[in-house]
Structure formats: structure tokens, C-alpha cells
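You will see subunit A twice below: alongside subunit B first, and alongside subunit C after that.
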Partner chain A sequence: MTSKPSACWQKNPALAWREIDEATVIISPTDSVMHELNDTGSFLWKNIDGQRSAAELAELLAESYEVTPDVALNDTQALLEEMSTRKLVVPVSASGGESR
Partner chain B sequence: MSTSAAAGATPVMDRLISRTVLRHQPLSVHFDLTYRCNERCVHCYLDHEDHGELTTAECLAVMKELASAGTLFLTFSGGEIFLRPDLYEILAEARRLHFDLSLKTNALLVTEERAARLREYGVRRVQISVYSDIPEVHDAITKVPGSLQRTLAAIPLLLEQGLQVKLACPLMRENLLAYRGVMALAEKLGVPYVLDLTITPMMDGNEAPLAHRIPVSSLLPVMQDPTLHACKPQPTAEATRARQEFPAAIGSAVSSGIENAAYEDLPCSAGHNSCYISPYGDVFPCVQLPQAAGNLRRERFSDIWYHAPQLERLRGIRESQLPVCSRCEIRSYCERCPGLALMEGGDLLGAYERACELAEQKAQLAGVVTPISALHREQAAFAMQTNSRNEIASFVANSSSD
Partner chain C sequence: MNAPDANSGGGRQQQFELSIGCVPFRLQMTDPQLYDAASVRYAAFTGAGAQPIHIALNNFSIEEREPAEFAYEFEGAVLRDSSSQTNFDGVGNEYALDSLLRVLLSWKLAGRSGFLLHAATVIRHGKAYVFTGRSGAGKSTIASLSPEGSVLTDEISLLRRENGEWRAYGTPFWGEFRAAGSNTSAPVKGIFRLVQASENRVALLRPVEMLRALLPNVLFFSAESEANRRLLGILAQAAEEISSYELAFRKDQTFWEVLPE
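Now for the complex of A and B:
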């Protein structure tokens, strides 16, 4: 992951998505690829709002899923990395723009 | 996290369909924004007068309700959608609500600037009606001189924006022999296409469009055409990729067009995880099933979707329990549509002539010896019984007079 640990994350605004049952289904209009997030991924997705960093998201995850902070942070970073690779989320700098 | 191509039969799509059918979630909605049109296609089932379309604010409110209800796939169609002056406002709201957006259009009004705006608003797919690659044939159907030229000019503009274009070609008497030209055109453009044999009565039941329908006997050469069989022409690399996303097939009345085990004993997706909304706010199970379940000017979408008796009744129908069709030996060749069963046969649960004829034709092509549908078998048995009774009655009458 190339973003700074303190970077906040936002959903890629180009995506179509919907929470369906326990999962979240996401479609990219540019390549028509459909992604499905499991319940942990869906939990993070719901809370990715451009205002929260990986650490803050991990805190929420730890509270809701009763896992240790270390496990929550590892899971959160791994998921964000995967979502970032798939261009589902983008890091934003403190000023609000996308960070590199 | 799992990934697959959208809109075709994929593991993610399979799960999505299964879940939404099980929960009766309106995954896919076809929303006609207007019935007004700048073409006058000879086979069209719509009344093009404006009888009080939903206002911009009403359209936006409807979309908000759909998003809350869980709709992901939203198709805007008409009439001609570009005749709505508020189209971009509607698309902007649709994007804000994170729908996966598709449009159906004749593309006459598409310009470079408009194509760019469609991309800006996140439209993924655009389906365009093309009746022939021959201007005289296409224009005679649309009743607009120069329409093919204008439609074809729009396609590169949409493709340049990265939009996925698909050609739709309803087949009728006027263009039966033109389908190969449309196939070649699609291949040249590197886009998928669909040929559709469905010509329906008008929504008010007027059967005038049926005069343009091709008799089943005349369809035989088309159904036997090896290049058309399963609609699998040899495409370009781009078309191959596009086709994986949009598996082409001869169009049927099944609204989603996607095979899924969740639909196994259901007539189709209508009312289970898909529905249709008219420009006047009427909610129907499908555009081809004109039984309004409610109106969005008077009721909330969720109240209609979850509680309308028409939809509840539809959800209770199982193909294995249909009174005639469940006994049909060639059922696997049939693409029975509940809406057409109602419009053409007068019974949502019944068999109707066109579906039976097509099933018999397909079964014969597949090698079934003298295939006969349950409807035709029962009609023949009834005719024999009637003849026997008449003969007996005639014999008794003759005996008495002797």
C-alpha cells in the first residue's frame, strides 16, 4: 500500500454498489467487473467515508467484531490494500484530495 | 472478496440473483421515463402521447425509494429518453444513489457532448435499436428518413467514451432477411447484439403490432441458420470481451435474460427480483405484463412491491403447477412468458399459441419426432371428442327418424 498510514479512505465515486443481504456488491462501470464483499468487507465499506483512516476503521472493527486491536488493524489494512488494488477505494489527504 | 464480470452468468451474479429472488428484493428495475418518441416504429406497443409523466421531483423520489429497497440495476428507457429535458438531472441523482445504470435509446439525439455526459454520470451500458444495416429497411420501420445513418453515427461517440454499446434488433416481417446485416454490423463495430422475436400487442391490448409479427413457419430458416445458432458469430477480441459480459442470445420474454437455478421453477424474474415502472408511476411486474400493482403517486414503492396482491399472486406461480404447460412434453423448448400468456391467451397461467408453435418448431429442429405441445394435444383430443359426440348424436337422430 503506497498511502501513508494516517491517510483517510474514500469509496471510488465512480462505482455502483448496493448492500444485499449480508454482502455488498460493487460494479465498476468502466470495466464491468463485479466485486462482492463479505460481512467484514461490507462493514468496512459502510464506514469508509473519506474521513476515517485505517487505524480508525480498525477501531470500529475491533469494537463490532470483538477482536483484538492488532488483529483488527491487520485485517483492515489487508482489506484496504486489496480494495485499493481493485480501485474500489482511494486514499485522500488531509486536505481532501486523493493522496499518492 | 470475490470478483467476476458483471451482468453475465457469473458466481457473484448467481449469488446475487439467488439472494434477491429468495428475499423478493427488487434487484433490477426498468423505468420508462417517457413514452414520447422521435420515431414511429411500426411494431411499437406504446401510446406516444404524454398523459402526465412523472415530474423531475417525482422521478428523483422514486429513485430514492428504489435505492432504499435495494435496487442495483436500473435501466432507463422509453419512448426516447433524450426527449426528457431533465434527463441529466435524473442521471445525476441515479449516480448519487449508486445505481448500475443502463439506457435504451434510438440514439438519434446522441452527440459527442451528450455521450460524454453519459459517461460523466456513470452510465455503463447503452442498448440501441437497429433494425437493419440497410437504410431503406431501417427507416421504413422507424418512419424517420435518415434515422439509420444518425443512429449509426452515434455509436462511435458512445464507444469513444468507454460506454458499452449493444445492438438490439427486433425481428418482424419488414426486416426478417436483414438480421445477417445487423450481425455483420455488430461484428464490425465490435459490439454484442441481440435479435428479438418478441412483437407484443400494445399495452392497452390493441393487437395492431401483431400484424408485423413473423409467422412461426417463416422463422424456420432463421432458426436453422448455423451462423445464428446460439448467436455465436466469430467476433473480434473486443467483441469477445464484451460478449462475455453480455451473453448474446435470441431474445426471449424472460426479463433478466440470465439463467439461474433460483429461477428454476419460476416463470421468470418478474415480480420476484425485477419490475417495471411506467412514465406515469404505475408499477408493473414487467413491461410485458400490463397488470399495474400500484401507482407511485399514491403509494410508496415498498408498499406496492411487498404488499400488492397482484405481485403476491405472481410470486406464488410455479411452472410445475401450471394447468396445461406443466403436462407439456416439450416444455424444455418453450420460452413461455406469463405476460404474453395473459395478453394473447387471456390467462396468466395458461398456454398460448405463439409459445406452443415456437416450442414445437424448436423441438423439431432439435430432433424430437412430431413434437406436440400440451395445448395442441388437448385441443386435438377435444376436437376428436366433439366429433365423436356429433357423430353419435347424428346417428341417434337418424335412427329416431327411421
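Now for the complex of A and C:
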């Protein structure tokens, strides 16, 4: 399933994270699982703020990585889906809160 | 100093003070057998410190308590830590006490730029060499191959950043040596991720690789987000500031030859 480009995302507030060595290390305190994001994942992570939609994140990615808008949107949505599956990010509802 | 204290009503209350990694504790209890066992177990770490953390042991008489900032249960023994007091309840023996004490210490260290690590630490030329790895990685082997008197601990090391310098401390928590570590400290020379091999080899690790090696070996028992953020900040700083290596080693003393002086 692919999320809508207009959907907004926020970092899961239950997580702890840190940038180190140009990577992002995220730990999930409830199950002690460690996640590591690569360069592109770290870029998106930095810009996920609960305000930006997938399409807006893709625009930022396209500008910074000099890829076409289509490629950027596909990559962004794929990464967001993966982060969502790993419960690193959660969708923001239209009212501004976290979707349940 | 260990010292008898006032009568608390139920039984004669006794207390003793100990300090682990410069974190001072004052334990108060009425069970004489537990007192004797704890006095022996923590003998090397006995000592008074300024503003000790008060731990009331099995003091069920306190009915109303502030909300706990941190709580933990281990086999029926319960730790509750609030801003004014710490309670250990349901502690039936020294092993339960030891478990709760290391849980509490890990919690308190997060506010003191420190952490507990599954690691053997050996002092060489006045510097602490910290060897980390999961059970079976070779921590006790490293300790057993090191000169007598040089081992701070073969199981749980305490690392703290003090005045811009990382120091390693021994802890009283037992490993395979079945003995408490040494109550001393030394500046950290390096952290070594252990890999057993047929030949000795040492390779520098990048900070993110060290952080990856540290995380599964750190003792931390809170699932609370903010506490974990604080811990991750401390670990990332350690990974960035302490020289870190992977040490592939064979089971004899020759591994020292490849370590940095």
C-alpha cells in the first residue's frame, strides 16, 4: 500500500534518536530495538516535522539530491512506508494530531 | 562507614553507606541477615559520600508515597524511586538487593553522564582498557589472561565523563570471577569490541560502529522516552570521544601486543 502524497507524517514521539557520523540512530525504548537510517533516510528524518507532507518532503529530497521529482516522490513514499512499518513515523490526522 | 542506627519501631534499623563510581548510597534496613550479607558483599565499596541516595529497604510502613519517577520489579522485589526517597521492597536476599542496586545505579548514572556496560576492564600503565561484548564474547577470558590485580571488573564496568574526561570504575557486581570488582578508577584508553579469532588483530571503529556495539551491552531498564534520549546522548558522546576498536583475539596473553599503548 502506498500512502497519499498529501499525507503528513511525524516522528514517533516514543522514540529516542541521535545523529552520529552522518547517520541517524534510533532506539525504541519499549522493545530496545535499534534502527539505523542511511543518508537519504537521515535526510528525510531531519525534515519530518509533523507539518510537511510526503510530496513536500519529496520536493526537498529532489532539490538536495538532484533527482527528478518522480524518483524523489517514489523514494520518499517507499521510505515513509518502511519507517511506518517499523513504527518510526506515524501519520498526522487532518485535525493535526496523531492518527489512531 | 557501616553504623547501627536508631530503632525504627519494628526492628533495629541499621544502615551502611557505599559508593559505586562516585555515586553514594545509604541503605537502611532492619533485617540483620541481609545487613550482614550486604556488608560482606559490598565491603570493598563501603564509604560515605556527600548527599547519598537514601534507600529504604523493605520499609512497608510508608503508606503514602510520592509518584515514582522510576519503578522496576525483579522477581517480586520492587524498586520505586522518587525525588525524595528510594524504596526497595520485597527484597528477600542479597541477590535481589544486588539486582535492584544495579538497576537503580543505571538509572542514577543517566543523570550523571555515565552508564553501566557489560564489559571487562583492565588497567594497564594507569589507563583503563574496556572490553565489551555479550555473554560468551570473551570478557572473562580477557580478565583471566590479564595480570593479577589489574582487573577492575570482569563483568560490569561503569563509565563516567568527569571534567571532560571519561573514566572507568569497577563495580561490586559479580561476573564469572565470582568476586566483586575493584573499587578504583582510571581514565579510559579505549573501548574494544571483542571477537574471538585465531589471530590477534585490532581495527579502529567509527563512532556509529561503536554506538552500534555499545547499545546491546548497556544496562538500562527504563522504557521512558526522555530517559532513553538522555542515555543515547551520553552513549553517542562516549562513541565520539573515546577511541574505539574491534579486537579479534586468540585465547592467550599475546593480544596485548596489538593493543595501542
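Assume the second predicted complex is superposed on the first by the 94 of 100 C-alpha atoms of A that agree within 3 Å, B and C clash if a C-alpha of one lies under 4 Å from a C-alpha of the other, contacts with A are read in each partner's own complex, and residues count from 1 in each chain.
Convention: contacts are C-beta pairs under 8 Å (C-beta built on N, C-alpha and C of every residue); 3 or more make two chains touch, one makes a residue touch a chain.
Just so it is clear, the structure is predicted and the values come from calculations on it, not from any experiment.
Student: After superposition on the shared chain, which partner residues are touched by A:L61: those of subunit B (first), subunit C (second), both, or neither?
Tutor: neither
Student: Between subunit B (first) and subunit C (second), which does A:M83 come into contact with in this model arrangement: first, second, both, or neither?
Tutor: first
Student: When the two structures are overlaid on chain A, which partner does A:V92 contact: first (subunit B), second (subunit C), both, or neither?
Tutor: neither
Student: Considering only touches as defined above, state whether A:I20 meets subunit B (first), subunit C (second), both or neither.
Tutor: Both partners, subunit B and subunit C.
Student: Is A:C8 touching the first partner subunit B, the second partner subunit C, both, or neither of them?
Tutor: neither
Student: Please indicate which partner A:T30 is in contact with in the superposed arrangement: first for subunit B, second for subunit C, both, or neither.
Tutor: A:T30 contacts both subunit B and subunit C.
Student: Please indicate which partner A:A72 is in contact with in the superposed arrangement: first for subunit B, second for subunit C, both, or neither.
Tutor: Neither partner.
Student: Between subunit B (first) and subunit C (second), which, if any, makes contact with A:I48: first, second, both or neither?
Tutor: Once the two structures are laid over each other on A, A:I48 reaches no partner at all.
Student: Once the two complexes are aligned on chain A, which partner has more residues of subunit A within touching range, subunit B or subunit C?
Tutor: Residues of subunit A touched, subunit B against subunit C: more for B.
Student: Identify the residues of subunit A that lie in both the subunit B contact region and the subunit C contact region.
Tutor: 14-18, 20-21, 23, 25, 27, 29-30, 34, 36.
Student: Inside the complex, what are the residues of subunit C that reach subunit A?
Tutor: Per the touch definition, subunit C meets subunit A at residues 206-208, 211-212, 215-216, 222-225, 227-229, 231-233, 236, 239-240.
Student: Of all residues in subunit B, which touch subunit A in the complex?
Tutor: Touching subunit A from subunit B are residues 1-7, 10, 12-13, 15-16, 19-20, 23, 25, 27, 67, 70-72, 98-101, 122-124, 162, 164, 245.
Student: Spell out the residues on subunit A that touch subunit B in their complex, using ranges where they run on.
Tutor: Touching subunit B from subunit A are residues 14-21, 23, 25, 27-30, 32-38, 41, 79, 82-83, 86.
Student: Can you check the complex and tell me which residues of subunit A touch subunit C?
Tutor: Contacts found on subunit A: 13-18, 20-21, 23, 25, 27, 29-30, 34, 36.
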